[in-house]
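You will see chain A twice below: alongside chain B first, and alongside chain C after that.
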Partner chain A sequence: MNTKVYRAIIRLRFLLLVQYRAAALAGISTQFMFGFVKVMVLEAFYLSSTTAQPMSLQQAIGYVWLGQAMLGMLPWNGDADIQALIRSGNVAYELCRPLDLYNQWYARAIALRVAPTLLRAVPLFLISLFVLPSRYSLSVPTLSSLAVWILATIGALLLGCAITNLMNISMLWTISGEGIIRLLPAVVTVFSGMTIPLPLFPNWSHKILELLPFAGLVDTPARFFTGQLDPNQIWLFLARQLIWTAILIIWGRWLLARGLRRVVVQGG
Partner chain B sequence: MKDSLTLYLRYVSVSMRSQMQYPASFVMMVVGNLVVNAVEFLGVWALFARFGSLRDWSLPEVALFYGMVHVAFAVSEAAARGFDILHRQVKSGEFDRILLRPRSTVLQVMGLEFQLLRVGRLSQGLVVLLWALTNLDVALTPIQILLILAAIAGGALLFSGLFVLQATMSFWSLETLELMNVLTYGGVETAQVPVSIYRSWFQNLFTWFVPLASINYLPLMAILDRPEAHTLPVWVPWLSPLAGPVFLLVCLQVWNFGVRHYHSTGS
Partner chain C sequence: MPQILVEDLVKTFRVSKRQIGLWGALKGLVAREHIFVSALDRVSFAIGEGELVGYLGPNGAGKSTTVKILSGILVPDSGICQVMGRTPWQERIDHVRHVGVVFGQRSQLWWDLPVIDSFELLRDIYRLSPTAYQATLEEMVDTLQLSNLLEIPVRQLSLGQRMRCDLAASLLHRPQLLFLDEPTIGLDAVSKLAVREFVKKLNQEHGTTVILTTHDMDDVEALCSRVMVIGRGRILAQGSLRDLRDQVTRERRLIVELDPDYPREYIAETLPQAKLVKWEGSRAHFSFDPTEVTPAELISEISGHFPIRDLLVENPPIDEVISRLYGELQL
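Our next item is the complex of A and B:
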């Protein structure tokens, strides 16, 4: 496989997407607000009960800030440009290129997820680590926690791009109104841990939540960063992320092949 | 006045018809909107299942806050949608056409779109609200129910005021409109629990600057007969929903100021 082409696609799309800096600034304020509200609500809940919880308040607060900082990586939508290509029929050009379409779109998905994350994550990390008063701040991780967090974040990116690509491919159908895939953003948001930290869901649900692919997106990296998971467990969690990535890529490729068999290009 | 109302209803019916052109697609979008909001409530439920209460508030009480603010926001998202998308008109210069017509700008902008899709959030909010009302310990008197309805109406007007402010910002800058999400979506997130659980500077921000406290917290203190209510004059919970229309009127003044300073893109 000629990876040079795909690396070029990632680079070009990335350079395009980091141009939206003012939007990123506005986005940071929004994320900051949401983070603050969530942190204060969690604090109030923790003060309401004296029973031991699966994670400390400090870890829950860190988890919330990580979720907000890394929001750009959450696969809650497909690539709007690919959607436009499909709607206008220009997707035919994509088919003419001597490249694998799935890989091409996967490369675009990587840029789509990384560019906004870099723009937004850096300031949010700086503020939540160093500026906020300690009771509301993200705690500085140990070196081993930081190392496994990086691994888990790469796993989350690969998994997120596989889900993004599924949404891209689903557009071959959803334009005609079909498709349960429209419900995916809601499912992704809740079951990844964006709404509330997954360990705070009832204990009986933990096993199910961990087996679903979505926990690998936000929950896994956040729990390693905050030290809620022991760094030794990284291999198990990384394996889960990668197995799900492989399954979703195979599924996506199969769907894409099926979708392209019935593509009708409308000329023009 | 009657004339304007007729015109507005006509705008709404045109907008509705255009959104219903693809009924299957529309139904899927409404269901999507409904599910997005329903699973969000899962989070609130899960926190109560784990911690039992939020300070001394029970789940039905918090559900009442949640339902009221979501119904209010859904109504304003549908009715004030024109202000939410006005930046497109400003960018393309289409806003000039609105200025040329012998009708008020507010009426015409409201007529740009009536977003029907929001029945998803609306129905989810209503379900939570009704569940809360039937599970509360107190039985409500008709006048208390009237106060709840007034508070919801006040909330819808308040959120509409925020959309008007957002639209006004687009006369100066198209890049930073997302900033208003802090107050609109952030406001919904904030007000879906009692504002008293936050730190005092945050409470003050949402009491005096954007009076979100007055569209559910203050009225509900009287209805739920909270001890904090006794520290306030008796009339405060009953008059507080008026903060919504007052806030909207202030925002409309800012809007008029913005319209006078509008420079067309010329295209």
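Our next item is the complex of A and C:
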């Protein structure tokens, strides 16, 4: 495979996306606000609850901060550029390139997920690790937790990009692509653990949540970072992320091939 | 075997029909009616290497559909299409390596990035060697005068500048075949000339086969050795521009400028072989059939009777020929 060109695509998209500094700044403050609200709610919940919880308050708070810091990686939207390409018919040019369209869009998805995350995560990590009072802060992880968090984050990125690409491809059907684009964020945010940490969901739902792909996006890395999961378990969780990634990639490729057969490039 | 061979190509689009009004929209939720629009209805043609072919037809005739099938973007319903021995939609990736495409109404450059970034991405996409890329780039910069444009983000270019860059982008990989879909649309006179010059040179010096769709008949007249006319999804006429013109009309125009003070009442009677079409100030426009009377006879006749300041013989404007042709073909 010609990886050079995919690296070039990632680089170009990345350079473009990191230009949006105002958006990054706005994102940082919004995510900081939301993080605080969630931390407060969790604290109130923990203080008023008498039963033992599956994770400590400190871990839950850490989980929330990690979710906020890595929000850019959550596949809650498709690539607006690809949506514009499809809507305007410029996708025609993408089809006259000697490139695999799925890989090309996947490369764009990587840039779409990594660029805003890098911009926003660094300040959020610094503040939540070192500035906040220890009661509300993200605890510094052990070295092994940090190592497995990095692996789980890479897994989450690959999985998130496969989901992003499915959203891109879905736009070949609904020209506006808006049906799925509106439905998916709700599903992704709730079932990934972004809204409430997944361990705090009722016990009966854990089996279902573990079967779905979304836990691999936020829940898995956050639980390894906060030490709620033993670093030894990484291979099981990584395997789950990668198997889902493979399934979604195969599904996406199949959909794309079908979509292109029926593509109608309008106008001109 | 010709470079491009198309036989009985058929493409039908299914369009869902919207009904008018609220009730119609509600009905459409349950049962939608479809109409089938036949874009190509058994189109056949062949194009040889190094040809520069104009592909004409009114709006919606199927020109762009043909180009999109030839460039591997659309899949036809049936028919044979061989481009350099390959079927475009079956071997898309191998096929597009040898083909360049410019859609005049779209751009293949990355909107927010400097032009050179798009070029370098294309270099990586087509896996061009650094030396080959550099040589082609220099040639393009030279002939299309791009040296001042390369560092500018595409969104800041004028339409003419953008089109020059788009042309260069489609040729960086030195395709043997170039599809130009309305490349001069919306361009000013200077840019149009630049594009035409460039395409002509490309065809002559590199032997690149060019298929040009356009509504600009000056493009066709300046460039194309052969034209094909498509209408209602079928090829209706083809040949050189001259053949097409003769098919429609043999008429020529004689334009005579007279002394403005000279009485002009009898001029029509002086030239019974020609028909007075109109007066434009002191200019009389005649039309005549060169098989009935030669221009030389007409000129000697008229100059014997009238003091002439200036005169010229011309063909009817190509736009007029084509619109008459469309009329005859009932397009």
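Throughout what follows, the second predicted complex is superposed on the first by the 260 of 268 C-alpha atoms of A that agree within 3 Å, B and C clash if a C-alpha of one lies under 4 Å from a C-alpha of the other, contacts with A are read in each partner's own complex, and residues count from 1 in each chain.
Just so we're on the same page, a contact is a pair of C-beta atoms (placed from the backbone, for glycine too) under 8 Å apart; a residue touches a chain by one contact, two chains touch by 3 or more.
The shown structure was predicted, so the numbers you read here are calculated from the model rather than taken from an experiment.
Trainee: Of chain B and chain C, which one touches more residues of chain A?
Mentor: Higher number of touched chain A residues: B.
Trainee: Pick one for A:Gln53: touches chain B only (first), chain C only (second), both, or neither.
Mentor: A:Gln53: touches chain B, not chain C.
Trainee: Which partner does A:Arg135 reach: the first (chain B), the second (chain C), both, or neither?
Mentor: It touches nothing on chain B or chain C.
Trainee: Determine, under the contact definition given at the top, whether A:Arg258 touches first (chain B), second (chain C), both, or neither.
Mentor: In the superposed model, A:Arg258 contacts neither chain B nor chain C.
Trainee: After the superposition on A, what does A:Ile9 contact: first (chain B), second (chain C), both or neither?
Mentor: So A:Ile9 only meets chain C here.
Trainee: Does chain B (first) or chain C (second) touch A:Thr189, or do both, or does neither?
Mentor: Once the two structures are laid over each other on A, A:Thr189 reaches chain B alone.
Trainee: With both complexes superposed on chain A, which partner does A:Arg87 reach: first (chain B), second (chain C), both or neither?
Mentor: Neither: A:Arg87 stays clear of chain B and chain C.
Trainee: Touching chain A in the complex: which residues of chain B?
Mentor: 22, 24-25, 28-29, 31-32, 35-36, 38-40, 42-43, 46-47, 49-56, 175-179, 181-182, 185-186, 189-190, 193, 197-199, 202
Trainee: Flag every residue of chain C that touches chain A in the complex, lowest number first.
Mentor: Interface residues on the chain C side: 13, 64, 68, 71-75, 92-94, 96-97, 99, 101, 103-108, 110, 112-113, 117, 120-121, 124-127, 181-182.
Trainee: Please give the residue numbers of chain A that touch chain B in the complex, ascending.
Mentor: Of all residues in chain A, those touching chain B are 22-23, 25-27, 29-30, 33-34, 36-38, 40-42, 44-49, 53, 176-179, 182-183, 185-187, 189-190, 195-196, 200-202.
Trainee: Within the complex, which stretch of chain A touches chain C?
Mentor: Result: residues 2, 4-5, 8-9, 12, 15-16, 88-90, 92-93, 95-100, 260-261, 263-265, 267-268 of chain A touch chain C.
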